[in-house]
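Next up: some structures, all given as structure tokens.
In the two complexes that follow, chain A is the common piece, with chain B as its partner first and chain C second.
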Partner chain A sequence: METAIFYIAALVAALATLRVVTHVNASHALIYLVVSLLAVAVIFFLLGAPFAAALEVVVYAGAIVVLFLFVVMMLNLGRTSVERERGWLRPGMWIGPAVLAAVLLVSFVFVFWGTDAKTSGEMVGPRAVGIALFGPYIIAVELAGFLLLAALVGAWHLGRRYLEERRGADDFPEEDASPDEAAPEASAEGNA
Partner chain B sequence: MLILPVAVGTLVAALFLVWWERRLLGWWQDRLGPNRVGWFGVMQAVADAIKLLTKDDWVPPFGDRAFFVLAPAVVAGAMLMALAVIPFAPDWWIVDVNIALLWFLAMSSLAVYGVLLAGFASNNKYALLGSLRAAAQMVTYEVFMGLSIMGVVIHAGSFSLVDIVEAQDDLWFVVPQFVGFLIFMIAGLAESHRLPFDLPEAEHELTAGFHTEYSGMKFGLIMAAEYVALIVTSCMIALLFFGGWKVPAFLGFLDFLPPVFWFGAKVFVFINFFILLRAAIPRPRYDQLMGYGWKLLLPLSLVNLLVTGALSL
Partner chain C sequence: MPVAVPIEHVLALAGLLFLLGLIGVLVRRNVMFLLMSLEVMMNAASLAFVAAGARWAAPDGQIMFMFILALAAAEVAVALGIVVQLARRFESLDVDNADEMYG
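Then we have the complex of A and B:
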């Protein structure tokens, strides 16, 4: 039963990811990306990592792709961009990437052919994940924190410059010019 | 085996909640409200449902058909899925997983897609503005909705809602986590975009916001999802901060009543409180809402988490 669900989820993930690359409409491609992430979350859950599965949905599907979609909606890419994408995605375009991906696939299969790496299938609870993160992997957590802080400061800086220009231009009262764009960007970092 | 009763029961409750809300608002605003159909107008809910079901179900030809049809299903589906982890009484739950709280957060963050897609697929500037507002608002308030309940997780030592309720035997978490409770309540209100925070559908500015183009049962589904979100948020407040199905200490002599009664009563109190908020507080401006979230609630929830963590070391 679990093996069947695993293969179904893996198939959904692979097909959805393929559609992310090949779809000409940016917003549809993003929804395929969400489907792919949800399928990966199911796989995580089956492999005994419920915490990672939940975070996959909360952070990747629930915050980061929302922001992608947000930007796509703001830019309001209509029929013209679909046409342009279609021009870019000519059949000939696929030869190079397909060959490279095939090489990767072959080496991947080669590496995993002999190894007998099974997951224990045992559920690793949130507590164990937390202990691992703040024990042996504390450096990685701290470095990720630095990176996110840098991103946050960067987003604030960009938003501030935009605001100052606006303020100088038409003398807006201070509270009226709040950073609508900067805020959701920062949220992804805060959430991640 | 509780799946069907819970899903159907919640949808029916959402239906009657519309009538209840209109009656209460009428009462508070010194008018009658719907009181004609059935006893005290209770059949108004049924009449509304029949009207929605028989209306012309129009899909705008200028929009994105697939997304337009998908969006209401996503909103309603995500909110109903969140119900899966809610324990109503001892042994009355659909599943008890050790990531129940994260499941709730995940489902409420997936509900954003429904709103975003609804506005985007309508190809209408009011709808688009509404869904842009909704996306920013929900992503923002999700951040400290998650942070505000981490204090409860620290106290209970588990993400499982059953464990969290069991950990409140002596003291409800609303006492040590009062700040967390306030932040969670405000964030829950913003997540379900109900009235003080209903900027995505602010009817004065945006016609009906992200669901401007919706009619018939698709609109009904979006509406129902909003009420289900209200019920789910109230359930979460009752579970996380008010001891779930446990009898309040000052009403100990009433403990012959079944646990599910106490859970229901607590949830009902919060639902009524949210309805009262709608009648009492005007809508803030959009930039005020975002500034309030990022500049006040986020630092406050971080400080709350820090203090809770330090005290429980």
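Then we have the complex of A and C:
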């Protein structure tokens, strides 16, 4: 019974992922991406990794996809972008990459097919994961912290508006507007 | 409840998802869809890690999944900043617009 659930979830994940890469509307593709990630979370749970399943739902489907959705809505991709995507997605463009990827998939499956190994069917709970994570993997945890800090600084820098103004100073003649904008913020912080 | 499935089926699913993401990266021109395909590829890699961890009932697969998760979060934060800059400068999400670099 549970084995059937695994194959159903695998089918759902494969079909939803196919729709993610073939859809022309970014919002709909993101909803399909959520479906795909939830199906993979079901597979994680069936493989005996409940903590990974919870993280998949919370972080991937919850946080990362919502970040994508924020940007899609902020950029306001409308009907014209859907029409343009449809123009870009001609069937002729698909054939070459699809055939090459299918060859890769066949050779990849051929390598390990027929090994009679099965997954253990045992649950590895959050306690074991936590003990290993903060034991032998503690250096990697700290490196992940550095990576996230660097990403924070990078995203803050890339998200600032002044990068646009530096491109051509004559396009934005009121360059000295930024100190005037900064001054009320500073006084507000001082009041707070 | 955990089940014992043949590990080659899980790895074949991971390979299929990875290659679907790879096709998306190769075919699409909209940078949002490129990033979504990258997410699909990383998700497939983490599925392979979790499957390998489940093979030996070891927590290491889930730990690698968490590192991939942190990597994906960092990558999305920086890449979406780049997407916003791209949309501001070129008013289009076509990556071919950004094929020239100014120093």
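Note that in this section the second predicted complex is superposed on the first by the 154 of 192 C-alpha atoms of A that agree within 3 Å, B and C clash if a C-alpha of one lies under 4 Å from a C-alpha of the other, contacts with A are read in each partner's own complex, and residues count from 1 in each chain.
As a working rule, a residue touches a chain if its C-beta (ideal position, glycine included) is under 8 Å from a C-beta of that chain, and two chains touch if they have at least 3 such contacts.
Remember, it's a predicted structure, so these values are computed and weren't measured experimentally.
Enquirer: Once the shared chain is lined up, is A:M73 touching chain B (first), chain C (second), both, or neither of them?
Expert: First partner only.
Enquirer: Of the two partner chains, chain B (first) and chain C (second), which one does A:F51 touch, if any: first, second, both, or neither?
Expert: The answer is both, since A:F51 touches chain B and chain C.
Enquirer: Pick one for A:V124: touches chain B only (first), chain C only (second), both, or neither.
Expert: In the superposition, A:V124 touches chain C alone.
Enquirer: Considering only the touch criterion stated at the top, classify A:V34 as touching first (chain B), second (chain C), both, or neither.
Expert: It touches chain B, and chain C stays clear.
Enquirer: Which touches a greater number of chain A residues, chain B or chain C?
Expert: C
Enquirer: Which holds for A:G62: it touches chain B only (first), chain C only (second), both, or neither?
Expert: Touch partner of A:G62: chain B, not chain C.
Enquirer: Output the chain A positions appearing in both contact lists, the one against chain B and the one against chain C.
Expert: Of chain A, residues 51, 55, 63, 67, 74, 123 contact chain B in one complex and chain C in the other.
Enquirer: Over in the complex, which chain C residues touch chain A? Could you list them?
Expert: Residues 1-13, 15-17, 19-24, 26-30, 32-33, 35-37, 39-40, 43, 46-47, 50-51, 53-63, 65-67, 69-78, 80-85, 87-89, 93 of chain C touch chain A in their complex.
Enquirer: If you look only at chain A, which of its residues touch chain B in the complex?
Expert: The touching residues are 27-28, 31, 34, 50-51, 53-55, 57-58, 61-63, 66-67, 69-70, 73-74, 76, 123, 125-127, 175-176, 178, 180, 183-184, 186-188, 190-191.
Enquirer: Mind pulling up the chain A residues that touch chain C in the complex?
Expert: By the definition above, chain A touches chain C via 2-3, 5-7, 10, 13-14, 17-18, 20-21, 26, 29-30, 33, 36-37, 40, 43-49, 51-52, 55, 59-60, 63-64, 67-68, 71-72, 74-75, 77, 81, 85, 88-89, 93-94, 97-98, 101-102, 104-105, 108-109, 112-124, 128-129, 131-133, 137, 140, 144, 147-148, 150-152, 154-155, 157-159, 163-164, 167.
Enquirer: Of all residues in chain B, which touch chain A in the complex?
Expert: 64, 66-67, 97-99, 102-103, 105-106, 109-110, 112-113, 116-117, 119-120, 128, 131-132, 135-136, 139-140, 142-143, 146, 157, 159, 286-288, 290-291, 294, 298
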